[in-house]
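The same chain A turns up in both complexes below, where it pairs with chain B and then with chain C.
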Partner chain A sequence: MSVTETTPPVTPQSAEGPQRSSFRNILRVAEIDSRLLGMLGALAIIWIVFHILSGGTFLTARNLWNLSVQTAVVAIMATGMVMVIVSRNIDLSVGSMLGMLGMTMAVVQTEVLPKWLGLGHWAIFPLTLIFGLVLGALVGGLQGVAVAYVRVPSFIVTLGGYLVWRGAAWALSRGRTIAPMDRTFQLLGGGSRGAIGETWTWIVAAVLCLGIIFLMWNARRQRIKFGFRLRPKWAEIGIGVISCAAVLGTVFVLNRYYLPENLAKRYAIEHGIAYPPGGLQIPLGLANPVLIVLGVAMVMTFVATRRKFGRYVFAIGGNPEAAELGGINTRRTLVKTFVLMGILVAIAAAVSIGRLNAATSGLGTLSELYVIAAAVIGGTSLLGGIGTIPGAVLGALVTQSLQSGMVLMGIESAYQQIVIGIVLVIAVAIDSVFRKRATT
Partner chain B sequence: MSLRKTVLVLAVFAMIAAACGGGTAETTTTAGQATTTVTSGQLIVGVSWNNYNEERWAKWDEPAIKAALDAAGAKYISTDAGSSADKQLNDVDNLISQGANALIILAQDGTAILPAVQSAIDQGIPVIAYDRLIEDPDALYITFDNVGVGKLMAQVIYGLVPTGVYAVIKGNQADANADFLREGFTQVIGDAVTSGDITICCETYTDNWDPAKAQTEMEQFLTQENNKIDAVLSENDGMATGVVAALEAQGLAGQIPVSGQDGDQTALNRIALGTQSVSVWKDARELGKAAGEAAVQLAQGKALKDVSGVVQFASPGGNDLTSILLTPIAITKDNLNVVVDAGWIDQATLCQGVASGTVDVCP
Partner chain C sequence: MNSTMRDRPPLVELRHIRVAFGGVHAVDDVTVDLYPGEVVALVGGNGAGKTTLIKTLSGAHRADSGEILIDGQQVHIMGPRDAKALGVETIYQTLALADNIDAPGNMFLGRELVSRWKTLDYSAMEDATRRVMGRLNPKFLNFKDPVASLSGGQRQSVAIAKAVHFNARILIMDEPTASLGPAETAQVGELVKQLKAEGIGIFLISHDIHDVFDLADRISVMATGQLVGTVNKSDVTMDEVLAMIIMGKRADEVTPTDLEHLHE
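Presenting the complex of A and B:
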């Protein structure tokens, strides 16, 4: 069945429902991803509902700041999970791997390195982190080789990994809780010291804005160069202005969260300032974990859409045989996706232990499910070939919003699980309905 | 090709290993049965762990049980169910077929284990429910008084904060202990709550007693109350880790009393640092010793009621259980020397980062 034959001409359709299709036309002409827009809409609804139900605490700078930090760990891993799922695989081991890598990094920084360097040495932080990243890459690579070269289904390999790494986390510590973390390492987890302050936050926002404008300008230039169809000027300007406004608006809100009173008083004493009666308002700015998410998301988007590796992953996910026949080294590419996943889990593990300021052998339990849920809610298709990095980050934000919001409302954890489970299924159901409609 | 060979070799190895494993199991079983039948003098006590994967069992409970059994000349055999309630049913049968004269069971699921417990008792093998409740009046329940643990925690916190806003972080909802502890809280602060001296602003269960989850919960509570919380009743030390991390981020650690239990090393360190107020310590060695001694008495044919130290305990399931309830100790900054003297924690770990002169134990 040829698509061109069955697609009716544009005019009769617009006569049927002029308004709806004209909105769709706008989206189509402006090349806006309607899925992403839909998710933003859903997120807005969730936030507003929680704001009302929680008696006005949800949409406060403080809660949104908390939310941004609470989302980080899952969001970091979800960006890697997108690539794994796009390549028609799955990784069930990320939660256990998080536990194992977190525990290893905790042991290295509290028990191994201090023996050589002494407690509190500056080199403990970088050495621990590098060690964790390398170990993550190796562990991911090991699973990747089993999947790609030994041809064991990834479901089985990572189900094995799920057990192996959780066991390893326990064996390393014999069930102990390891704490406290290195002073510098704690900064990775955010907290009151682990944020970049007001000025730097504005600088980051400005850079992001300029980056968006540059990318759009560059894309337009390339299209002109190759004679491709251009977006209309109004769309280009509109999207640029809206994205920039969104970035600046977010930063404006996050910058309204001030250093907690007690810490501000301590700060005043340390800096010899008289504490003003109205309180000292020192904005914390973006927290480090959020900065890490931004960095990871940008790098991963670049890798997924602009690098050969990313294109190969999508090609393999779309049609593995065709990709192989087309000359792609599918096995090596698959190993790379798992290596990348391992590295991202290591980053997430570092954030996680930094934030808790401790490593427990149960760290990351069940987080594989939240990571997969975030990727899937963010539009990644389990059939492979489809998925976006920003979608997955948004998906993580949606699931965490639901969780945090329900805690604010005092809903019991059993019901929280029920709600998140239902939302997961509904999100995928809506998606598949829309996709079907889009193709017919 | 070479890869295929490697896999083949591995497979053969696995088969051999499996065969050997099966073989050894068989021999021990027969050996066990032989001992019971031939030398009926030596008693065998079987222990079914639900999940040996927690530090505590290997480090404290098992050696204490073994020591008690050794002292009475009894033999120790054990199985690990690896957190599976199904496997534990088979484990119990397995221990019986190995000739156990008494069973100590740390139940994964206190209800699912009932048929196995009943069948053991029907075969004349006494059963001890170790640390976790089994609703069977024919079994002996040995545990620390969990309501008492809750009371001890609440007493310390109530002593520090007689009026104000309390947050309550409870453990896993499916775990009866979470409610026992809460019951203990109520016994201490219930009247103050009724009279309005204490307000409970926030209360929640925490899946799997997860510290990271407790941290998020505490952050949300602080947000909701705009930091106006005066005390936190956390049901264990792991969750207290998360609570203190959340307080730390608001600069409130050390100003808001936090409770816990288990005597975790990090928690004891926090008590020395002043960021946690109390950790109720249940000396697992006492529990192991009591269970080992009771098992020997039961295996020798003593009736439940005649075992030394028993009391009657009204269970939540409405049963009147014969129990041994041990008394825990509340560890605060004033009696940290207890855990050091007992060899539970070494002084260096306890005093890490503690400024000199703040607590007596740390020089």
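Presenting the complex of A and C:
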């Protein structure tokens, strides 16, 4: 390995770096995204402040477990919203689409399929889910075609969609609440049965750690192969250890949330275990919605950063003319981003009705705003071209943390909205100040 | 222009090209050609139609009528992809860079290298970019940051590197030195001579008459969408070309009085 040969001469930039700010220089050498780090810091502050203000109830396994489940629906949609916003568009219809798709899937699984298959048939779940995903793709695609080929601004198309899909959800249900959902569907929503248990949670954590190590090793191997400058060893090892520790630590905390007493008793009876006087501690493990978020975030990160499609979306956001002149089919790419958004809304809708065990025509009201806020707080620029999937998931976690923290403190929902609105504006303001400073 | 070149068919012929925007003829029945290893400069005032004409060859615009021949064969260029497939590379005046993407990403925009698994091969793209840059601009070292953070000259290098890497046979340079300092301008000049020696045909659009006389073999002058005339550089003086640009008259029609007016 010929590191000395390939290391370029010290550039003026890096020479003056240490005097200016050694911390920033460390981040640069270690190739750590300072924005993501800043968000993690902000999240930590929010958690600690709420922990103190709520008298020690925020940073408990029980609350963090609930937080992870509550974040799921918004986080799933936010990953798609990043792509839409990066392409210089917006989707205001996701909340209404969530309501319409959730309602449609509810009707299909409770009223349509049972007629043919009988109630409780195993095929109801997969058929309903596939139907929902296809419908989501079609609805997203329809809006995408209007944006990309008919050239109606996405703000208008999806504002129309906002009304249309909400109206459709109501027309379908006539204001009824449809419940209960199919039993397999309920598992999608989490809850006491919709979690994978202690052992599987540790297995997931181990797989994630191995994945992190593999990706880092692979990246290093590529650099060696082409003789590029390597990340310093201390940075590689440090990042690897911290990432794995974070994964294992999270799992450790989540595994400390046990089945509530009455459910634990029922579990004991079902499994023929004598219920001990001290209580039975059965960890729920990762909830299914959290697993879905993990899967969605990984797939979307892959699509955004490793596939041509993702590269094209960013190119369109950076300079649509350059993308066009580069021979990229910009219209087809835009339609695809909206199709992807529709599919993600369908997944979120399935989780949502599973969690509520019901569908109402008001399902998803206002969630478009939380989804957009999550993407923007997570560093997505409304001017297009800039945004990350992990950032959006973290953004969703930040908004949800604020919300549930305020719930714990007993703050009324009117004031919660005021706080979240203010935080959104402040987050973007701080971001634009930092970005200006970074470019000068 | 020596006579042996003339024996072969032109590399490119644009015949009777017309482009209209609404009722305005941006390009009106213009015919130009280009031989291998030759630099043809397209000159004319603002709005003369140079860029629009050349966009019909680069695939950014479609001509309303007229035909394009490459190696004597008629071709149909429906978009930038078609042009590139025919070996036509373009360096646009605006550079056409996505500011949020790094240099390798811009160089391969629309033609990304992918691995066996159809994933973007970042390392291979960076490697190829480093190689081209090593030739074009060895001082260029920033391969990771978005090109928004680069200087004008470095951005220009990225745009030029694209054309060089993909082995253009026909190169269109639209105001390649407009945003450059003297040293970088000289560098572009050297590059043009080098590419020319490799047998590449170059259409050069420029406002700088000195650049044009330095680099071009022939000069096609356009005014208000029409071709005023095409002249061999060796047959004319700078003043005569300026007169063609300003007065829209052919070289042989320019009178000594016209030239005097020019200097008033």
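Criterion: the second predicted complex is superposed on the first by the 420 of 440 C-alpha atoms of A that agree within 3 Å, B and C clash if a C-alpha of one lies under 4 Å from a C-alpha of the other, contacts with A are read in each partner's own complex, and residues count from 1 in each chain.
In this text, contacts are C-beta pairs under 8 Å (C-beta built on N, C-alpha and C of every residue); 3 or more make two chains touch, one makes a residue touch a chain.
All values derive from a computational prediction rather than experimental measurement.
The superposition on chain A brings chain B alongside chain C with room for both. Panel annotation: after superposition on the shared chain A, the angle at the CA centre of chain A between chain B and chain C (CA centres) reads 120 degrees, nearest 10. In the superposition on chain A, contact of A:321 is made with chain C only, not with chain B.
In the superposed model, A:115 makes contact with neither chain B nor chain C.
Of the two partners chain B and chain C, more chain A residues are in touch with B. Looking at the shared chain after the overlay, A:233 reaches neither chain B nor chain C.
With both structures placed on the common chain, the touch criterion links A:403 to chain B but leaves chain C unconnected.
Touch criterion not met for A:271: it reaches neither chain B nor chain C.
Once the two complexes are laid over each other on the shared chain, residue contacts for A:167 go to chain B alone; chain C is not touched. In the superposition on chain A, A:436 makes contact with neither chain B nor chain C.
Between chain B and chain C in the chain A overlay, the least Cα distance found is 15 Å. Common to the chain B-facing and chain C-facing surfaces of chain A is no residue whatsoever. On chain C, the positions that touch chain A within their shared complex are 58-60, 79-81, 84, 90, 92, 94, 96-101, 105-106, 109-112, 114, 118-120, 122-124, 126-127, 141, 146, 148-149. Touching chain B in their complex are the following residues of chain A: 54, 57, 60, 62-63, 66, 70, 149-150, 167, 170, 173-180, 190-192, 260-263, 266, 352, 355-358, 360, 362-363, 365-366, 403-404, 407-408, 410, 412-414, 417. Residues of chain A touching chain C in their complex: 8, 11, 222-223, 225-226, 228, 302, 305-308, 311, 314-315, 317-319, 321-328, 385-386, 439. Only residues 3, 7, 53-56, 58-59, 173, 202-208, 210-212, 215-217, 219-220, 223-224, 227, 237-238, 241-242, 245, 248-252, 255, 264-266, 269, 352-353 of chain B touch chain A when the two sit together in their complex.
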